[in-house]
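First comes the structure, then the notes that go with it.
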Amino acid sequence: MFLKKIKSEGIAHLSYILGDGLDAVVIDPRRDCGIYSKIAAQQGVRITRIFETHRNEDYVIGSEDLARRSGAAIHHGKALDFSYGEAVCEGDTFDVGDLRLRILETPGHTFESISIVVTDKNYGEDAVAVFTGDTLFIGDVGRTDFFPDQAREVAGALYDSIFGKLLPLGDQTIIYPAHGAGSACGDSMASREFSAIGHERLHNPVLQKKDRESFIDFKVNEHHYLPPYFKKMEQYNQFGSPPLHSLPQPVPMHAKDVKKAQTNGAVLLDLRSPEAYAGAFIPGSLAMPLEMISAYTGYLLDYDTDIILIPETREQIPAAVAHLIRIGYDRLAGYLKGGMHSWETEGLQYDRIGAVHAAGIGQRLQNNENLTLLDVRKISEYKQSRLAGATHIFLGELPDRIDELDPDKPIITFCGSGMRAIIAASILKQNGFTRVEDSLGSMRACKNVGCELQEG
Amino acid sequence: MFLKKIKSEGIAHLSYILGDGLDAVVIDPRRDCGIYSKIAAQQGVRITRIFETHRNEDYVIGSEDLARRSGAAIHHGKALDFSYGEAVCEGDTFDVGDLRLRILETPGHTFESISIVVTDKNYGEDAVAVFTGDTLFIGDVGRTDFFPDQAREVAGALYDSIFGKLLPLGDQTIIYPAHGAGSACGDSMASREFSAIGHERLHNPVLQKKDRESFIDFKVNEHHYLPPYFKKMEQYNQFGSPPLHSLPQPVPMHAKDVKKAQTNGAVLLDLRSPEAYAGAFIPGSLAMPLEMISAYTGYLLDYDTDIILIPETREQIPAAVAHLIRIGYDRLAGYLKGGMHSWETEGLQYDRIGAVHAAGIGQRLQNNENLTLLDVRKISEYKQSRLAGATHIFLGELPDRIDELDPDKPIITFCGSGMRAIIAASILKQNGFTRVEDSLGSMRACKNVGCELQEG
Amino acid sequence: MFLKKIKSEGIAHLSYILGDGLDAVVIDPRRDCGIYSKIAAQQGVRITRIFETHRNEDYVIGSEDLARRSGAAIHHGKALDFSYGEAVCEGDTFDVGDLRLRILETPGHTFESISIVVTDKNYGEDAVAVFTGDTLFIGDVGRTDFFPDQAREVAGALYDSIFGKLLPLGDQTIIYPAHGAGSACGDSMASREFSAIGHERLHNPVLQKKDRESFIDFKVNEHHYLPPYFKKMEQYNQFGSPPLHSLPQPVPMHAKDVKKAQTNGAVLLDLRSPEAYAGAFIPGSLAMPLEMISAYTGYLLDYDTDIILIPETREQIPAAVAHLIRIGYDRLAGYLKGGMHSWETEGLQYDRIGAVHAAGIGQRLQNNENLTLLDVRKISEYKQSRLAGATHIFLGELPDRIDELDPDKPIITFCGSGMRAIIAASILKQNGFTRVEDSLGSMRACKNVGCELQEG
Amino acid sequence: MFLKKIKSEGIAHLSYILGDGLDAVVIDPRRDCGIYSKIAAQQGVRITRIFETHRNEDYVIGSEDLARRSGAAIHHGKALDFSYGEAVCEGDTFDVGDLRLRILETPGHTFESISIVVTDKNYGEDAVAVFTGDTLFIGDVGRTDFFPDQAREVAGALYDSIFGKLLPLGDQTIIYPAHGAGSACGDSMASREFSAIGHERLHNPVLQKKDRESFIDFKVNEHHYLPPYFKKMEQYNQFGSPPLHSLPQPVPMHAKDVKKAQTNGAVLLDLRSPEAYAGAFIPGSLAMPLEMISAYTGYLLDYDTDIILIPETREQIPAAVAHLIRIGYDRLAGYLKGGMHSWETEGLQYDRIGAVHAAGIGQRLQNNENLTLLDVRKISEYKQSRLAGATHIFLGELPDRIDELDPDKPIITFCGSGMRAIIAASILKQNGFTRVEDSLGSMRACKNVGCELQEG
């Protein structure tokens, strides 16, 4: 008997493979699904069933590819019309060796959301564990903003699912959610990845709203951004996505050929750190530090263009490929071999971005320097704490709202720690802003050096 | 924040590394402790503390080696006088990033046993999880037979530790014990490796003896074997074991040199399957199928002799080495390169062992054939269900009781599935028994073919 | 600049990837071709060309699969009409960074055979190395028995290719052939895998036949077996083979289901060692020790039946799969989980095979015991040295000639070391022979114990 | 029979393990010598002998550590008094299975240099291959500048070793040298890593000086730098180095603790790329891009100080550790967890370095801007081609000659491609130069953009 959690960084996605005897099931497989087959082979089991806790909206599900490899059946909730797989209903059970899986319909995050209860046939009928999908996280609950016309209805459904179905499983029930901290599917998940129903009942902040109406009020007043790429994911996950026989392997390219491809419309996605990008970058490229791909590419990049990667080192490529194909970006044409170094030695033009220390921003604002301090964090972060005089445009909306900014004034990009600021800076540069500076360290540095902040 | 379980097959030992921020702690490290350093490096943490839940008796603890590598402090319970490390007391706390560890003294299995409660400082003071060592397992509780003079006292202490300290942590507390199914530290552990206090409270069979006296009665009437090697482990784990800079790497040997070494006193330990051993073996060798090493080597092998391995393939060597050094067998001089094939092609003598199908045993017993049916299972297994007419000698006691058997009669070795039977057969062969047959399949085959069994 | 040799055990096949700058070429890729893409990614190159030194007859070439993954062009000799790729001619050159590849047409082994000369543009025009395919091996030369009607012609062509084209490249030319010791493509290759033209000129035994006619005489008098599967390989390699998106992953099966599948016509292929097979085997199964798959499966197994593997351990499965798919056996339906142990504990019937020590054979022959001593080695081995009174039938021909043997007489199977003898024994058992014994150690043991041998 | 080349990047060091039968030998093992044991275990051999082709001066040899692990004997040339191992003499032979190794004394690079000839006992007595140490490389020959008082004598000895001993082995002899392109032991090695004596005889540029006096003249007129760390290596390799049970594992550190350690004297070694360093760096740190460690750390860092690494990502740490311990830097105290990002978010001060495009340098020089263009390449590179007006100080000598530069003038650091320039820039910053700019791309960019160059 084994249970393995597969964590996909970036989208902070948790999938699971659970096996006993000859059989195994997979919960919410990711698109690069070879890992489940590999574990199954190592453990000497065959994958017989794949469960989707709901139509995922933040990544491409790997069910169909995995089913093709393994011959497994695919199951999902009945409240949505999928073009593949079989619907399951409340109370359906599936045995995996000595384990029994039982379906709970737990709508709220989406209408077809299900949870899957695990019992051990040798040890009574009480739940040992439950796969909660995006219904209940550790320290948070699922988003309920996908159906704005039915906002109170779905929030209420979530309340009923959690308070009426999950909590009654008993405090002893270990929970295995579909996301951990860092996911776009919730702002407040714990960084701890182990918990049981009882601990959530006692300490999950949202579950302290025990009254149904208070819970609904809280949920409908939450603010979440809706990355435009979610639409694509929903379509893929309901109607099927392009099969992926093997991971795309972007080819190495010479600097000159990268330049030529850029001229012909390819997007240059620069995976390097803010410092490296600020130190020298290819004019026209989009800064996208490796760890930011999952969170922001879906706001900033179309699906119908070739992508060329500008890496710090070749070792970044496989991770970048994984992050990108998980959110459906398959047109990975190539990468700049030798990175910026090869661009520079080729004698091609590069550009740079200024840097402002936290302590310097305050100074310059106090000096009444005529500059724009552009804060690109989420509105919730901005509201909580900010520098006086900052202009707020959320990073994901910057391309659409760039006309609100004066290209001739000095502009300092600012975020939580400097990661999003460099992306914003690169977008400004793409749009002809020349006097761009990046606040390395940004808000966290401001706090540490004692800048004066406006709060609330 | 991360928690990883490291499972060491054979001894079915579970150790853990738990980290947050810059720090990590390790619970009950195994002797080949490089794996913890490797995980720490991957996660970007330093191991600052090592906890021993008790003086382990079934394997060599790796604390000192790991401390030498990492500079970590070693902690254990105060009720035993260790020659290294520092004692901790009820209520001591240790922070690892946002996690807090709290010591519970939970005597019973041993006097100095501790459990370690985990809370998440961001989510209240209720326990998230508890490392229970050998106090509470999934589906079983710790042995209490190590202090026969104080049998009721220690069983009572265990009751108090579990019912008075662990269960009160709350149903939501996930448990992380030091052993899983297959360990010599308990007969009845679940093969499932995830559970919470609440589930154990409801379904752990031993915890259903809720009355203190019933619990004690049950525990003092349990029967456990005490492998002689436990003495060595206890000594090592209290006073220190030989340091292990790198795993021993037994050298390849030609058949002729193996024979010479055998003549000079080396033990030949044959790692192959029962079928392969029965098909051809080196006279004088001890059958020890790879997966049986941890359970039976400690009964059958001295520590003061060179060991030469007879593998099926070279790939078995690293696993065999790991199993052996974990129980303190370091004198791994070499292995027969090319396995039995090279022994045979060298023209050296080999021997074989007969095989009896389950259906054939009954037949022959009914025919009143004058034979010994030697059942080498544990007494508890034997009592539960057996073939009529079987002689019972537990495998671990066979060398000492071999004089009870008639070397001139045909003898069929018998166990649960055929694994221990081949070890017994090889011991009989070593002792001059010539008419030895092995019951491949043994009791499980008997049941499946419908042999008549005596029960209870 | 890098050159990597990829050795595929079993078929003793050597393929190569050679890269410089952005580009790489692959010579004679194997079917499980992911390894070349992996190396290319690690090295930061793209595979732009694939060369086939000839239409291989002993394995399925991976060119088309690799071309699909990488976009590379496929090249082969012009003297055969392939249904894919592009023909190259004597003198064609291809640059890979600073390296230049030049085609030599080197017919003999086959008409379309080519060799590929490597020069380093920075260091003159003399050859640094040459990929010789099956034209010239280390210690041997290619087979010339595939066109029996043109035997002298092709042997002469090989002479001309080697003496007229390869040797003139100069003594300094390092050779990279398509096979090493153990291949069915030659009997006498060196176990050493590095050599240069000069060393072969001086010490390759076949190249000492410096006179064209002597060389031809020698070659036309060689005897090679032609495994029936070669026909399939030739067809695949000329007209295309089934694409392989990922390696087949045979599913684990319970003993009962294996028995059912066998009843329905599946072949049970037992991968275990001769000792293990002799110790207990499934009636009707075919013994095929893992390391013998490549050499003998192609004689003994049809392509149109499901195959179920009987492994010693699960770890054998990936190697068995690789060996089998490389020679086109893709119908790998499953494997017996838990191996023979699970068959035995299920209570199913097993059979055994007797063993005869080398010393015992002579004894029994001298005693005029009425038995068949069946020598299944190649005719060349048999002619060189044999036991008096042996009956010779080559293993590959045994199924077709089994009627020549008396099923009622005791029969001892015999080969070089005992590996092929167990396969023969299993075939005899399949055909109702009951008194079958296997000579473990066989000829090598006979020599080592000093049996009297007939030679020449 | 197997031969594996182990390439250690950075020092461009090639070591070898050669095995047959039960035995293997290792030639010139590196300090992190676990890899040889691992290969030996995989191949089923024991390492019985270790050969040092000479007392290496550019890295710490791993012979003693490897001998401790394996029990192997260590051998080296007799012309130096080593405090460990056994001397071998011209003509000594050592068998490894069917291979025979024969010692050639080949002084020149050092007096005790040996080469090791390989013959295959089954294929005559001609050499198959030769391990040439630092005597003969592919495309170059060994340095002969270590004994300036005996310059002509040692150059002549090298001539005699190559022309008198190596070339006579025959053109067919494959050569396996101790270094490849990128080593400090030669400037002109080919990037190709396979060659035979015959190809070197024909195309190695130095071997075209066939006349002894011309050869000597050429060698004594070569210029090589002698990194100060060579002294340490020579001492280690003659008298023994500190044993290395396992690789140092630098611990993660918070930014504040790194700052504290720096204050207390620790050196901060910044492993990041020139762009990243220029974008933001810790004042006082030394830039040392990962790939430059082997070549320049030995000039710039003492052995008696703690080193703290500033990495781009944690993944750089193992490579940095390997590079550093191979040249004897063992005091690896820690690394900045989270890299510069964590320094910035802590609010600590960082500094930046300007960048000048190749095209801009010419412009500014033409404008008669009062600046220093500091070229830190090797004198040989400088002499070959340079920008007019450049000041030349070799990077390795910069700390000692920094007083020659005016700290108040703008200064542009310049090298071959921009890697060494950033190191130089960081040294200038350490020394109070404030107006420092780095020529990203440097000479290669200059050539590509068509700058006017002075040559010869």
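Each chain gets a letter, A, B, C and D, in the order it is written, and its residues are counted from 1.
Operating definition for what follows: a contact is a pair of C-beta atoms (placed from the backbone, for glycine too) under 8 Å apart; a residue touches a chain by one contact, two chains touch by 3 or more.
The model shown is predicted, which means the values in this text are computed figures rather than measured ones.
Undergrad: Which chain lies the greatest distance away from chain D when centres are computed from Cα atoms alone?
TA: Farthest from chain D by mean C-alpha position: B.
Undergrad: Quote the value, from 0 to 180 degrees and to the nearest 5, of the angle by which the CA atoms of chain A must be rotated to coincide with those of chain C.
TA: An angle of 180 degrees brings one copy onto the other.
Undergrad: Between chain C and chain B, is it the same set of residue numbers doing the touching on each side, over half shared, or a different set?
TA: same
Undergrad: Provide the C-alpha centroid distance between chain A and chain C, rounded to the nearest whole angstrom.
TA: Result: the chain centres lie 49 Å from each other.
Undergrad: Quick one: chain A and chain D, Cα centre-to-centre, how many Å?
TA: Here the centre of chain D sits 43 Å away from the centre of chain A.
Undergrad: Can you list the residues of chain B that touch 2 or more other chains?
TA: Counting only residues that touch two or more other chains, chain B contributes none.
Undergrad: Which residues of chain D touch chain B in their complex?
TA: So the residues of chain D in touch with chain B come to 22, 34, 37, 40-42, 44-46, 69-70, 245-246, 249, 251-254, 314, 317-318, 337.
Undergrad: What residues on chain B touch chain A, complex-wise?
TA: Those in contact with chain A are residues 1-3, 20, 98-99, 120, 122-124, 126, 128-129, 139, 170-174, 190-199, 201-204.
Undergrad: Flag every residue of chain B that touches chain C in the complex, lowest number first.
TA: It comes out as residues 272-280, 312, 315, 339-341, 344-347, 349-350, 352, 355, 357-359, 417-419, 440-442, 444-449.
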